[in-house]
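Lettered A, B, C and D in written order, each chain numbered from 1.
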Amino acid sequence: PDTQSERDERHLAIQRVGVRELRYPLTVRIDGRAQGAAATWSLDVALPAERKGTHMSRFVAWLDALAQSGTALDAAGLQRGFAEMLDKLHADEGRVEARFSFFIRKQAPVSGVSSLLDYQGAFIIERRGAATTLWLEMAAPVKSLCPCSKEISDYGAHNQRSMVTIRAEVKDPALAFEDLVRIAETSASSEIWGLLKRPDEKWITERAYENPKFVEDLVRDVALRLNADARIGRYRATVENFESIHNHSAFAVIER
Amino acid sequence: PDTQSERDERHLAIQRVGVRELRYPLTVRIDGRAQGAAATWSLDVALPAERKGTHMSRFVAWLDALAQSGTALDAAGLQRGFAEMLDKLHADEGRVEARFSFFIRKQAPVSGVSSLLDYQGAFIIERRGAATTLWLEMAAPVKSLCPCSKEISDYGAHNQRSMVTIRAEVKDPALAFEDLVRIAETSASSEIWGLLKRPDEKWITERAYENPKFVEDLVRDVALRLNADARIGRYRATVENFESIHNHSAFAVIER
Amino acid sequence: PDTQSERDERHLAIQRVGVRELRYPLTVRIDGRAQGAAATWSLDVALPAERKGTHMSRFVAWLDALAQSGTALDAAGLQRGFAEMLDKLHADEGRVEARFSFFIRKQAPVSGVSSLLDYQGAFIIERRGAATTLWLEMAAPVKSLCPCSKEISDYGAHNQRSMVTIRAEVKDPALAFEDLVRIAETSASSEIWGLLKRPDEKWITERAYENPKFVEDLVRDVALRLNADARIGRYRATVENFESIHNHSAFAVIER
Amino acid sequence: PDTQSERDERHLAIQRVGVRELRYPLTVRIDGRAQGAAATWSLDVALPAERKGTHMSRFVAWLDALAQSGTALDAAGLQRGFAEMLDKLHADEGRVEARFSFFIRKQAPVSGVSSLLDYQGAFIIERRGAATTLWLEMAAPVKSLCPCSKEISDYGAHNQRSMVTIRAEVKDPALAFEDLVRIAETSASSEIWGLLKRPDEKWITERAYENPKFVEDLVRDVALRLNADARIGRYRATVENFESIHNHSAFAVIER
């Protein structure tokens, strides 16, 4: 019996039905290297009012074929794969999201010693009506230093780790995660590194002190750079400062 | 020096700026009792392009006054308080969200023995343009049993814990968290309890077996009930089954 | 049939069996006020080799009675209640843990403006052999400023939020969560607050700059204060700095 | 100035000081394949009472060299690397922990269709006094079905996803993560898969119904298998059932 294919009498379409919290390997090419990750996937389709259910196992079969193809996932591959998924599920609309960690090798600013820094990434592709949209999402840890604290204090200024998250609609597949990382890092009071020698620590400390930014400044500087990049369509830029003088965060969001 | 009040030259408005991940006490009246909770708050306002910064400390001052008022928060109180917050921040638009756990005392279905069950709740109020919208959000744990597994198997059927999350726009302040709980629980294969005696366990086991539901059935039955309640405007109903035959979830979403 | 009471033939005792991730209300008296919280409970007992199973529902029945008693939980009440739980489960050994958020009202250092700060607390009581041990656990957010960064830099010094976690064996029931909070906060580069005016922000910035501490300094200063308090038996002090120049934490642990 | 190398006058040794929550890539060979993962590392050493501080950057430098070596990490490599880390930090005692996700390809029980299932793994190596101990930790999702519910009900039985976590001291480096996975999965009411066809779903449903287990049964069956494996020294076996008739877990722990 194919219970899922029976007719449903409730006259209610379902916008999204599928699987989530599904861990499956993903290979992605970032920073010039193929990086393997245990991605967390969310896969869903729209279900018309008259159809009782979708075929959940097809999502996993599709993902397994994608994972076994052995090539690093990029914009073109995701678009092709996504069309196949909708076909396989007999669906007109749907969505794929894959979240993962990735690494970029960075040189410390003075000593030049190199190490990896970790970022969060996501591919999101969605079809609604006749439009398919691809998004890249990236979260980068940076340092922020408070202008007010610097100005009012005889010495020192409070500073903290911040997270810059950018979700960018891809207008041109040349747009890469590294581009979003650079936008985030150059907008902060200072970028940060995994491994630092003493002269590097001095450099970051002084750099951040010379370059104080409110959370409002940081999100605006990110938005200015996003506005200047023609490969990006709509976006949402979020900055969160894990305040070192409070037990809560300051945050700001600009959407276009 | 009032650095935050300086003029900003980047010509970029900020849709949301404020504080988040702020724990502060909340008293809420649910199930006939005033319940104290450590809520997690997110408070923000829109900032015009020409203003350099908002006044972060005013959010906390506002929240402290709200918390000290000593009364249980309800729709009317939140609307009044929210208007004061916007005033205090000189803002035209903004948003308040408070997330918390709450409890409802329930009687087991056969023995009648009583215990508390925990739910997740949230108040969300937002002003954009001239419109202020209030949402209640509630997440209830329930039980789902798979119709396909029951039909194809000689005995038994796989079942699992599910989470039903409802975000409902409040058209009538008479709408209460308990109403959303009832909609979620009556739509499931079975509701669940904290404390059960043996006859209760038999009852739930058989009840779920007699009442199998796909995740699609569950979300549609929730939507039918939401559609029938005139106190509710727009909504988003999400059901997630923590599948017991997989290490991932099945999920479905209906939005209106 | 009482399946759980059957004889087990595997000759394997179970050190801990029970329930966990159980949310149930808790009232606790801290900072002179009865505070309601949605605590997360873990309740378990030891099971002898010959017994097939424990009676899971009795844990919840016990907890419901405790919650309904209406009084704020303290050391004496927990010890009494715990003995009843072991009785009810016919167990010689067992353990109760309740984790919750609590709040303390604090005055900002210059303006005196008051607000609440949130902390994490836990009661842990355990019986092994003939010995029953009661622990209080408390986690306090504080500020740390790096001595090395200050020394090598021409201006500024990196600083960040840190978490001080103390688990202390209670030798004298006069020991309170507030005592552990004071030990944590006075050991840091600076304590922190929820609400600060500009002169307070100046005070904290300068105070931290004048009082730099490595994670090793911070954990040792906490340990010195714990050693000086005769109400405390064994302890574990952990400090974690959410480094603002890295995307990882520095941490240190002293146990006695 | 080498502030960290100064003499400390507090006369307090620190058992553990280092870095944690550090994401760095790890390659591990499991299921016959080299698998890349974004591991979360915790690295620490003991610090004598007279030494003011450790050298935090050396942990990251050591880890970067390990990651760059390009070979999959195994017991022998970890033991060698760990000795180098202690050397580099001039430490007599210390600890390394790396947590990561891994995948095993599995064939569904009837259709034979193959897919990956995800597990959590960890390497833990620690030196205290003269003894160095290596642990493997593995968490596997499985299915449990309640014997009591089956016995008292006219039809059906409640079942749910469970997590079996095994931490095993490695006495013989031939012990592999796959061995721990097999012990966990064969002890459950049924193992689970990522991808199932209808005949597989029937098989699991009936298999679990024929093989009911309390959390106590499951943990004891795991312990029996661990006891029978001479490559394993001390261990801790934990089973957690995400109960489908409650909003809390049942759990049991056996340690040797």
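Worth pointing out:
Throughout what follows, a residue touches a chain if its C-beta (ideal position, glycine included) is under 8 Å from a C-beta of that chain, and two chains touch if they have at least 3 such contacts.
Here the structure is a predicted model, which means the values were calculated and not measured.
More than half of the contact pairs of A-C, counted by residue number, reappear in one of B-C, B-D or A-D; that pair is B-D.
Centres computed as Cα averages put chain B at a distance of 28 Å from chain C. We define each chain's centre as the mean of its Cα atoms; on that basis chain A and chain B are separated by 26 Å.
Measuring from the averaged C-alpha position of chain B to that of chain D gives a distance of 34 Å. Multi-chain contact residues of chain A, defined as those touching 2 or more other chains: 22-23, 60, 118, 148, 152, 194, 196, 247-248. Taken chain by chain, the contacts link every pair, so each chain touches all the others. By the touch criterion given at the top, residues 117-118, 141, 143, 145-146, 148-149, 152-161, 190, 192-194, 196, 198, 201-202, 204-206, 208-209, 242-248 of chain A touch chain C in their complex. Considering their complex, residues 22-25, 35-38, 57, 60-61, 64, 67, 100-103, 113-116, 118, 194-197 of chain A touch chain D.
Every residue of chain C that touches chain D in the complex is listed here, in rising order: 1, 3-4, 8, 10, 12-23, 44, 47, 52-54, 56, 60, 147-148, 151-152, 214-217, 219-221, 223-224, 240, 247-255.
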